[in-house]
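The first chain written gets the first letter, and so on, giving A, B, C and D; residue counts start at 1 in each chain.
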Amino acid sequence: MKAQQELDRFEIRFSGLGGQGIITLGKVMGQGLALGHGYNVTQTQSYGPEARGGSSKCDLVISSGRISYPKAESLDLLVALSQEACNSYFPYLKKGGILVLESDLVKQPPTNQFLGLPFTSLAKDKVGVAQAMNTVVLGALSYLLPFINQATMRKSLESALPPKIRAVNTKAFNLGHRLAKKEWGEDAGEVWRVEELGEID
Amino acid sequence: MPRRKKRTEIFALGNEAVVEGALLAGCTFYGGYPITPSSEIMEIMASRLPKLENGVFIQMEDEIASMGAVIGASLSGRKAMTATSGPGFSLMQENLGYAVMAETPMVLVNVMRGGPSTGLPTSPAQGDVQQARWGTHGDHPIIVLSASNVQECLDMTITAFNMAEKYRTPVILLLDEVTSHTREKIEIPNEGEFEVFSRTVPSMPPEWYKPYEETVRGVPPMPPIGSGYRFHVTGLTHDRNGFPTQRPEEVVELMDRIHRKIDQFFYDIQLVDEIMTDDCEVCVIAYGSVARSAELAVQQARGNGVKAGLLKLKTLFPYPRRHTEKILAHARTLVVPEMNMGQMSREVKRVNMGHASVRTINRVDGQIVTPSEILKVIMQG
Amino acid sequence: MPKKNKGKNKVTIYPDWCKGCGICVEFCPAKVLGLSLQGKAVVEREEDCIRCGFCELHCPDFAIVVSDKEPMDNGLSDTDAETAPPKTKTGGKGA
Amino acid sequence: MSKITGNEIIHQYLRHNKKFPHVLCAGCGHGIVLGTLIRSIHSLGIPKDDVVVVAGIGCSGRLAVYVDFNTVHTTHGRALSFATGIKISNPKLNVIALMGDGDALSIGGNHLIHAARRNIGVTALILNNNIYGMTGGQSSPATPEGSTTMTNPYGQLDSSFDTVELARGAGANYVARGTVFHVNRLEKIMTEAIGRPGFSLVEAITPCHTQFGRKNKYKSPVDMYNWLKSTAVPLERYNEMPEDKRRDRMPIGVFVDRDRPGFEERYYAMQQNFLKQAAKGGK
């Protein structure tokens, strides 16, 4: 069981292509962190034509205290699901921040310090639904981020989805979590672990 | 002391919070026309209102018609609202003036985006501030509120309805794209934890009723159409009976009253948050999402040993003069960051009258003013 | 609606409301009405009124009322009364 | 006691604290339309409290102030949008939108077609005098081609709107045209229009000799009424006329008569369904 930890402005950016479910991903994760974990969270996004086929991005700011400025300025975590997104937003990654990418779609990573998984093909081949790719990412991040409790996040995910697609997404979530643990190693995300405050229920 | 019932928490968009606030305030009518970035308000209303007893949602053919329908609904006794953004707000100005003249309570939410014209549909701006104040023609009083975070979207929408009903006037709630498209955790207050004001209705026999009669508060009671009080509503300057008049003494009486009904309640209408302003030497005056950047900047400045404070405006108009004057007693610099070329800073300068130096930070590139930009100016003193 | 009960009708014109447009005068089939020198409609030949209703319906100012000739208190109509009510001579084309 | 008829009925519906005669020119047909409207409402037995007259701007807009109903004098062209808000808010009210031709067809054209499409239960009463009268005689969308106005000193170049066809195409439930010369017919269609569900439209041809007639060889009100008398033909007769005879004649009568439920009826039916479902779910 992971412990609840004090956070002071933890900034995540999800970025990629329109249609990858990036905003839903941010929304579900934000909701899980805000309502399930009790953090203050702001989620903002880019709207408009970009959301239909162009690039898409969605920011989360997570904090134990009040969040004043709601946008992400220097990223602790950048999730890049396309080459273009990776190129545009990598400069905003904080020193010591982590880059997570879609290893099939980002062929030229700007650094060799990254964590990658072929999320799209995993969703297509192992879950059977390509659209569940964003949930695979959510599962992987729930493993990576030391302040996310897997069970709580999964519960939050399930509550946010209509019954019809719930089972598929649970499967995708678990797959992401499992593979992240396997591929990224036990101590991935260790940089963000701070002193324990108590357990998350 | 009775244990307070736990409030429901939701993770909501600013626009969603507006809907929650409106429904808590008793809104039963939404008439609108979709426009980015306010459309979610309309979409959520479209799914919620028809399922409520007595809730009415209607999509009108344009923003002009939306205002017409909202005023019509309000005259019929409903708490009514619409929401729009820049170009739509421009189209609403004509009937907004009608609502002022006919003293029709209503709430107009304008989610500001980059302008002029179609401008930047998906980017934030604060360029409609002076339009909200002076957009409709003729001298008129108006109440303009704003919100800087999602919880405030809910709270200020309730406040907007209360003020509209209390003062029989249209109330504009100015949001910006950042605030309305941010998702945050908010608490939905339980019934009884917030004020809900509904307009006063006449109690005298219909034949004694004068629709625009002088009252103590300057706000005449207002019956719903069809309730037995038959009277004339017009956008023409009218006498106490509601009939058009051009007699100077009757014209001035009307103009006096519609201004006075707002002016004498400044203490109730002008809302601000004073953050570390008690001893501040540099005071940031901000509103909307920029106030969030300002708050961070002020905290950082304090950390650097600068006595900074933030006056967060929740009421933009009538401009909170007395709050500003209080700060002017000790502040030597006022910093006004805005996502426009300097619209609120005009008000600040007007009130300041040379007491302090007023520094403006203006951005019109579709980006929010960042905390570091504000901090830089604060640190310059 | 035309009721041809000639002689039993009373035509009243409110001179304050009449603007003298002349519609009633022009289109009255029985030529009951005329225009006074002040430019207002006046009743000239009430007894010829066939109560077609045209003047009343077409008066834009609601200034004409055509009604039954009210019987007098004694049960007689005013044509039967000894002293007929004073006829408004103010008007009439010839006056 | 004699039965109250004619203008005595009208007098009961006028506001006694308003100054009469009204502001309109001598011979203006608008007064006749107002009278006709009052008689229609009287014959339908609708209480004054349940009638809302929503007027636009212009000569027609000034009528609302004189009648003892709930009256709303709105902005130019927007009467139908206000009326829509009132009707959907309180469907028991009989809402009549009183508009001029410039009001309804030009600035308010969009509201007109959408009110018809939506089939909102409002009666649109368009007082067509072919001109902007109150502002001094500028041409309106109903100004006949070739006629002269202040803004068309060399003759109107564009053709005028056929209000009836416009409303039919937009989906109005009931569309009729009458003139102030043919008052009984006008009263009949107005009564029908108010009684119909959904959106109904009555175009009342009411001449303006002051602004239109003066410049177009109708010097007096009487000339204009004679023009109406000779131009208007009942629809049935008009349909039998050969094509070449139809020119310069104007059909009057009922052009569309459907009884599809109004928007408000459909809306509240939907709402009732939701509420029933919710009540069932609750049990």
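Throughout what follows, contacts are C-beta pairs under 8 Å (C-beta built on N, C-alpha and C of every residue); 3 or more make two chains touch, one makes a residue touch a chain.
Predicted model only: the values in this text are computed from it and were never measured.
Colleague: For chain A versus chain C, what separation do you get between their C-alpha means, in angstrom?
Modeller: From the centre of chain A to the centre of chain C is 90 Å.
Colleague: Can you give the whole-Å distance between the Cα centres of chain B and chain D?
Modeller: 38
Colleague: If you average the CA atoms of chain A and of chain D, how many Å lie between those two points?
Modeller: The mean C-alpha positions of chain A and chain D differ by 61 Å.
Colleague: Go ahead and note the Å separation of the Cα centroids belonging to chain C and chain D.
Modeller: 31
Colleague: Indicate which of the five shapes (line, ring, star, complete, other) describes how the chains touch one another.
Modeller: line
Colleague: Chain pairs in touch?
Modeller: The complete list of chain pairs in contact reads A-B, B-D, C-D.
Colleague: Using the touch rule from the top, collect the residues of chain D that touch chain B in their complex.
Modeller: That would be residues 15, 17-18, 48-50, 52, 54, 64-65, 68-75, 78, 80-90, 92-93, 110-111, 114, 267, 270-271, 274-275, 278 of chain D.
Colleague: Residue numbers of chain B touching chain D in their complex, please.
Modeller: 29, 31, 50-51, 53, 55-56, 58, 60-62, 64-78, 80, 94-95, 98, 224-228, 230-236, 241, 243-244
Colleague: Spell out the part of chain C that touches chain D in their complex, as residue ranges.
Modeller: 1, 16-23, 26-27, 53, 56-68, 70
Colleague: Spell out the part of chain B that touches chain A in their complex, as residue ranges.
Modeller: Interface residues on the chain B side: 9-11, 36-37, 121-122, 149, 177-178, 181-185, 289, 292-293, 295-296, 299, 368, 370-372.
Colleague: If we count contacts the way the header does, which residues on chain D are in touch with chain C in the complex?
Modeller: 2, 5-8, 10-11, 14, 20-22, 24-32, 35-36, 180-181, 183-184, 220-222, 225
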